[in-house]
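The following blocks contain the structures, represented as structure tokens.
Note that chain A is present in both complexes that follow, paired respectively with chain B and with chain C.
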Partner chain A sequence: MSTQDKFEMPWQYSFPPFFTLQPNLDTRKLQLDAWCALVLSYFRTHRLCVIDVNESQSSPLFSNTTLNRKLSPETISVILDELRKTGNLEWIDKNKRRAWVLWKSVDEWAKVLYRWAVDNGMLSTVCTFYELIHGQDTTEEEFHGMDQDLLLKALRCLEHQKRAEIISMDGNMGVKFF
Partner chain B sequence: MGNLFGKSKHASRVMDHDRAVLELKGHRDKLWNLQKRVEKSMERDKNVARRLMQEGKRDKAKLMLRKKRFDEQMLAKYEAQLENLHSVISSIEWTHIQSQVLKDLETGKSTLQRINESINLNDVEKILDETREAADFQRQISDLLGGSMTSEDDRAVEEEFAQMFEDEELELPAAPTDEIAFGESGDRIPTEKGTKSCTRIEVLVPDAETSM
Partner chain C sequence: MNRRVGIGAIDKKKLTEARFRDRGEELAADQLRQLSSQLGTLKSKVEEFAEKHKNEIRKNLEFRRQFQEMCASIGVDPLASSKGFWSEMLGVGDFYYELGVQIVEVCMATNHKNGGIMPLEELFQRVVRSRRKTSGQQLSTDDILRAIDKLKILGNGFTLIKLDRGRILVQSVPGELSLDQNQVIQVAQETACITVLDLKVKLKWQEERSKKVLQDMVSSGFAWVDLQAGVGNSDIVYWFPTLFSASFNSDATS
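Moving on, here comes the complex of A and B:
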């Protein structure tokens, strides 16, 4: 929780025009870049992985209650599309309601997970997904509280590199690092 | 081999004991989850009991505390069960490692045996004998060659050596001509030039002695 308190919004956040998509293309580019950076750092600080488009409209990220300004759904979708172009966002469903915000690419997540396994002597032993995401040993890790599907994606990446193997058994999901 | 995600062509490296560990760890996760839930509920019950006390509802407060007490006992049970699971998981992993080490030791032993089998004791003796013979032969050659040198030849060699040494000596640099200054206390105050030639002599003299 303490990390969430520390999060500071950039100066633009208190600047009303920031919440309206600018017509001038150059200005709009700067505005979108600033929004993308803000979204990524917000998600990183709060250790969030998934954005729900409907919910996000009322989240403090896109609506500034002190200014009484908020982003229109169209603007949000423009920003999300911009993030997708830079590879920082991946739609989960076809209707574009939910998406992964990748402030770390899947590949980077895979590296973080593997490094943790090496550093904690978790090679050639089985770890459950629950243990990785909610375990007491990972509270300090960036992937603590991570979205399980994203974790699965990152582990698949490791599986592809033959550095892990995913095991699924009666709804129990686990991984063995090598 | 039962790996639901096994799209890869290589053989699965997940073994039966891994699956057993996964199952046990799954139970452990459930217990962790349960623990979390009960701890949260205890916290809530405690707060509710306090509020009921303040409102004067003693019986209901007591009921809440009794529920909390029950939860506490359950927690202790979970804890014990977790410990059990942990020890079983550890023993499985430990036993597996042991069996692997044993297997590797076995492989090592048979490798060693195979290598040893390829060595024939008779061969070793034969090789050693042959080596000795070769060494003897070499010595004979040396003796023959060494023996062809007469004492006259030896003398010639000595003479040439002495001659070479004299030639070397002739090239010695001139002794320093600078006056050596003395301080009041009698200590030598070396001039820059003087020190240089002095050191050169000091280096050369022991050299000449050793080669004599």
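Moving on, here comes the complex of A and C:
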């Protein structure tokens, strides 16, 4: 993936104890802050929205094969909980298996979508979710490739503000901005 | 030779001694007068020089260092007081005073990251960056060391830890590193990490002593623990972010 090449890990990623939850609470605070920042920038760079807890354990984000260090599932859950506290993560299921990583808040997503509609003359036109997420016209947009459920969440936000209407057509979802 | 005995002789001896004393004091006073007039001339010459080269001293770091050395060799310290001629005429006192404040600011801002210990070079880079917006003065690590030296007046908040090859760590948290902790840093300086076993081999320390010292360093935020190094996870490796970032010289900005 081209975006992956561009992503530069912070120095802590090469620092072996970064992968062991620190016993000193001040140090741990530092460590968790650095991890949260890393997770968010990693997801932003790769335009990812959803984290799967089981899969993430073997992801290069949490596992540095060069150093032969990786985060334990417990430490990962501490980090995710930290992200949740700052409003940067929302659990999708009750069992806490999957979550949205909100490097933009749902509100911010709503604004981005609405701005795109205004800038591209899409007001009063119906766009399907598929077009928004996978369409040719949106490849440069931050929401390109976005998780559909998260998109729905953001559009509901706009619907609430009376700036959009969500339409369902034969099982295909669409939206009309106004 | 006459043998002088009795009261008269003693009186006479006292009189002679008193005369010698008077004469001696006169001579001393004379010398002092001369000396102070010489000193006065010297001081006014140095002042003249300083006044003439004021801008040069403030702007040019090499010139400033030489001026400092000259002053030191004749026993004058232009930074000794923030008041008086030197700072008023020259602003040299102000220069180091400002620098001192900037050093304290940088150290406070990074305290949380490095536990209060930073390589001199990194401190220098950070100070230079924070000054760039405000002044066009050149700066050297020598200036940083002088400013830190002045900060010592305020207590033992700043300490320098000298490593091999001229590397210096600046410690800005109150309370000094213990002798043991200092030794640990010396041993760990190349690899940025250490184990109880290392200390046993290199310093012949008992396990208890090593554990205590390393635990203390973890508690004060100097050291991080790595539990994934050994096969059996029995050996904790202690890492020092300060030494680590010094050797990799990265992330001076975050």
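Convention: the second predicted complex is superposed on the first by the 177 of 178 C-alpha atoms of A that agree within 3 Å, B and C clash if a C-alpha of one lies under 4 Å from a C-alpha of the other, contacts with A are read in each partner's own complex, and residues count from 1 in each chain.
Definition applied: a contact is a pair of C-beta atoms (placed from the backbone, for glycine too) under 8 Å apart; a residue touches a chain by one contact, two chains touch by 3 or more.
Keep in mind that what you see is a predicted model, and the values were worked out from it rather than measured.
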Look at A:N68 in the shared chain and tell me whether it touches chain B only, chain C only, both, or neither; answer first, second, both or neither. second
In the superposed arrangement, which partner chain does A:T86 touch: chain B (first), chain C (second), both, or neither? neither
A:Q22 contacts which: chain B (first), chain C (second), both, neither? second
What is the contact status of A:R156 with respect to chain B (first) and chain C (second): first, second, both, or neither? first
State whether A:Y130 touches chain B only (first), chain C only (second), both chains, or neither. first
Which partner chains sit in contact with A:N54 here, chain B, chain C, both or neither? Use first/second/both/neither. neither
Please write out, lowest number first, the residues of chain A touched by both chain B and chain C across the two complexes. none
Using the touch rule from the top, collect the residues of chain A that touch chain B in their complex. 125-128, 130-131, 134-136, 156, 159-160, 162, 165-170, 172, 174, 176, 178
Chain C - residues contacting chain A, complex: 112-113, 115, 193, 218-219, 221, 224-229, 237, 239, 241, 244-245, 248, 250-251, 254
How about chain A: which of its residues touch chain C in the complex? 10-12, 14-20, 22-24, 26-27, 30-31, 68-70
In their complex, what parts of chain B are in touch with chain A? 3-5, 8, 10, 12-14, 18-19, 21-23, 25-26, 28-29, 32-33, 93
